[in-house]
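Per-chain numbering from 1; labels A, B and C assigned in written order.
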Amino acid sequence: MPPLLSVERLNKYFAGLAALKDVSFEVQEGQICGLIGPNGAGKTTLFSIIGGSVSPSSGTIRYSGKDVTRWKSFQAVRAGVARTHQITRPFREMTARQNVEVGLHFGRGPVSRSPSNEVTAILEGVGLGHVAGRNAASLCVGDQRRLELARTLAAKPKLLLCDEVCSGLTETEMNEVLELLRRIRERGTTILYVEHNMRAIMSTCDQVVVLNFGQKLTEGPPLKIQNDPAVIEAYLGRTAAN
Amino acid sequence: MDAADFANLLVSALLLAGIYAAMSVGMTIIYGVMKIVNLAHAGFLMLGAYFVLELYERLNVDPLVGSLLAFPVFLVAGMLVHWLLVKRIPVSDQPTLASLLLMFGLWLVLQNIGYLIWGNSDRSILTPRTLSSLHLGPITIPTVRLTVFIPAVCSLGLLEFVLRRTWYGRGVRALMQNRYAGRLAGIPVEKMARLTFGVGIGFAGAAGGLLAQLYSFSPDFGHGFLLRSFVIIVLGGLESFWGAAAGAMVLALVETFSILVLPAGYQPAIAFSLLVLALVVLPGGIAGIFAKKHRWA
Amino acid sequence: MRAASVQMGRFLNYRVAAWGTTLIALGILPWCGIGPNLTRLLFTALVWVITSVAWNLLGGFTGQVSFGFAVFYGLGAYTAAIGINGGIHPLGAFAIAGLVAAIASIPIGLPTFRLRGPYFAIATIGVSEAVRVVMTNLSFTGGASGYRIAEHGPFRPLEHYYTALGFAAGAIVISAWIYHSKFGLSLQAVREDEEAAADIGVNPLKAKLIVHLLAATLTGIAGGVYARYAAYIHPQGVFAFHTSVAILLMPIIGGAGTVAGPVIGGFVYGLVQEELVAAFPQFHLLLYGALLIVIILFEPRGVVGWLGRLWAFFERTWRKSAATSVG
């Protein structure tokens, strides 16, 4: 079975600086695939390219076998690839409910007979049921993160690109979010997941891809990655690896 | 058209470019540091023109000196405007509509003040220089154009010096690139913004005085120059004053030589069309194109 | 939950009733002996309501502030004028005027919508002024001396009035429909954060082009309605920068981004402006400039926003007194 997502020899240069160099990997349908790497490794750039907001300098992206390298982000969403942002971008003067409505009506669809019930269900699923009527700008950061996730989920993605959904959350909140991700996967959504929190990665991911300085360092199941000296060196330096 | 005509047109364009560059500097510096599109720039050009006119007609002050005097007067006025109005709107790294509309409102008010004080008839400044010309071989230059060009270029040179060699100038350039980082680096952003706004208005006033010696004016003066200033800023890109000079050159050349192909009535449309073209085709301005070339070298 | 939706239902019905009453009132007014001068003022206000509502679709709902809507107003005016002189029935002429403006909106929008806010605003000034200069030099439309409409038959002010009222009502209905629709939601998203909107499935360029087309059509029709009434138009009037300014001032003063705001703005401007220009011609720019400054600094949501704050204040006071009287 062809992989749901295939990244082939992706390169991205910003004004002569290589943000991504020759990155290739695959994500199978139904997986939760983690993407890790130190800050500046190129993870968010990779997301932006897969999601369609940025186009690569060279390389190919395949989604369900089709070449989608140069698609625009709204085309990606309609096809089922949607992302959350590392720094949340809620529609500030719109209510939480309205934010989710946008995702619902302009995502992959289909929209049920009772969209407002669907929106309520999504909001309650991420724990925002009680603030549905409040302006997104008035929500605290943690709630804005949940709103970002809710809005993206409303678009019914087949491939969800999650960019650091756990940062800034408490231990309990993080567990809730991870549980949510697992449930989403059970319902058939594939997840590509950028995260710094190692515990989150280890406990949820089926496979992990490691980036460093824009290049793929290695990939494999979480346990293998955890003990790989090259990965440890990338994060903690040479002495820690030895 | 023979070589002498061509040379004359070229010189004409060059002189015009210098003046256009000086005229747009005020808007450029305010936009660069504060990301505010100062539509009231036109209003201050107009007030500068009347300021110099009054000094000339009442006190017999030579318009060139008047323009020089306009700078500190308008600098203070600009700082006052900033303190009263501009500092009350939210600032950001991106130009905001609130600032655009605020400056537009201010322009309307300035225009009306102009009408109230000076009425709506056209005025002009006539000095002995206005009607005489210089002859350099085959080239004829109206004297007034030269006497306006020289202070314009000098003021640009002075500004460039200030920007490159003084503490204030370094701060301005830093803020133009990244306001937030500038704040972190310890630059007193609010005070800098106020002073820079003042400097921008100061240049507008002085430029208005210079322009008044070349064109007739009334309270809605500055309208056409506003768009021209913006064309220059956009053509020149934002970070570079050489770019602005290049932009002014392009505009001046196109305008001057267009007389050969277009009826005079269509001339104002040139700046407008060039503006739209520039905004769409050259988002980084001329300097942006050159910078790109550099990067791959 | 049910109580809330019932309340909502009541609220919406209250709104529809308010609009309906206003419409009927405006419809009956000319028969109540208000005199030709007031009819003329109301007619002007209604034409401005059309342009305000139209501009607000693009500028208020979608956040793309255009300083060049006079180009559509002027194109509509000239198209309708030429059509009527050519023997076309006025309503047909208005339709063609709207169509021409609609078509013009595409080559204007395509290049300019790539630009961020203020750059877009300035580009629209450029476009509008370029067209004005061209029209001033074009001889077959009269150039700078303008263009006259020669219509047969007496001048019937009521016909003009009801035409304007009809189109204004239509514009308001379109505006309200968009406001409550999924399309309107996407416009709001584009206004809030265009890139995030794209990242969630909205095609920003398509949305902008569609709303621009609607706005241009309505504005073109308004220009046509005005042209027929005035029977004489010239580039220094219908294509002027100050016309673009008027078109944008009204919805901003009334309250950009709402349905009622541009209507309030249109009436305020139309009714007050005429009187103001007659009584204090030397102050009118000052007043508008000062008003704009005050609005930007203190109440960016215009009259509607101010009324909203007033209402919230009264609601709080009423609730406080109700609470104390219960306790």
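Note that contacts are C-beta pairs under 8 Å (C-beta built on N, C-alpha and C of every residue); 3 or more make two chains touch, one makes a residue touch a chain.
Everything numeric in this text was worked out from a predicted model, so none of it was measured.
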Could you pull out the chain whose C-alpha mean position is farthest off from that of chain A? B
Which chain lies at the heart of the structure, taking centres as C-alpha averages? C
Can you give the whole-Å distance between the Cα centres of chain A and chain C? 42
Calculate how many whole Å lie between the centre of chain B and the centre of chain C, each centre taken as the average of the chain's C-alpha atoms. 34
Between chain A and chain B, what is the gap in Å from one C-alpha centre to the other? 48
Sort out for me which residues of chain C touch chain B in the complex. 63, 65, 111-112, 114-119, 121-123, 125-127, 129-130, 133-134, 136-137, 241, 245, 252, 282-286, 288-293, 296-297, 300
In their shared complex, at which residues does chain C touch chain A? 182, 185-186, 188-189, 192-193, 195-204
Complex contact set, residues of chain A against chain C: 51, 53, 72-74, 77-78, 82-83, 85, 89-94, 98, 101-103, 105-108, 151-152, 155
Touching residues (chain side chain B, partner chain C) in the complex: 37, 85, 88-89, 94-102, 104-113, 115-116, 223, 227, 230, 234, 263, 265-266, 268-269, 271-273, 275-276, 279-280
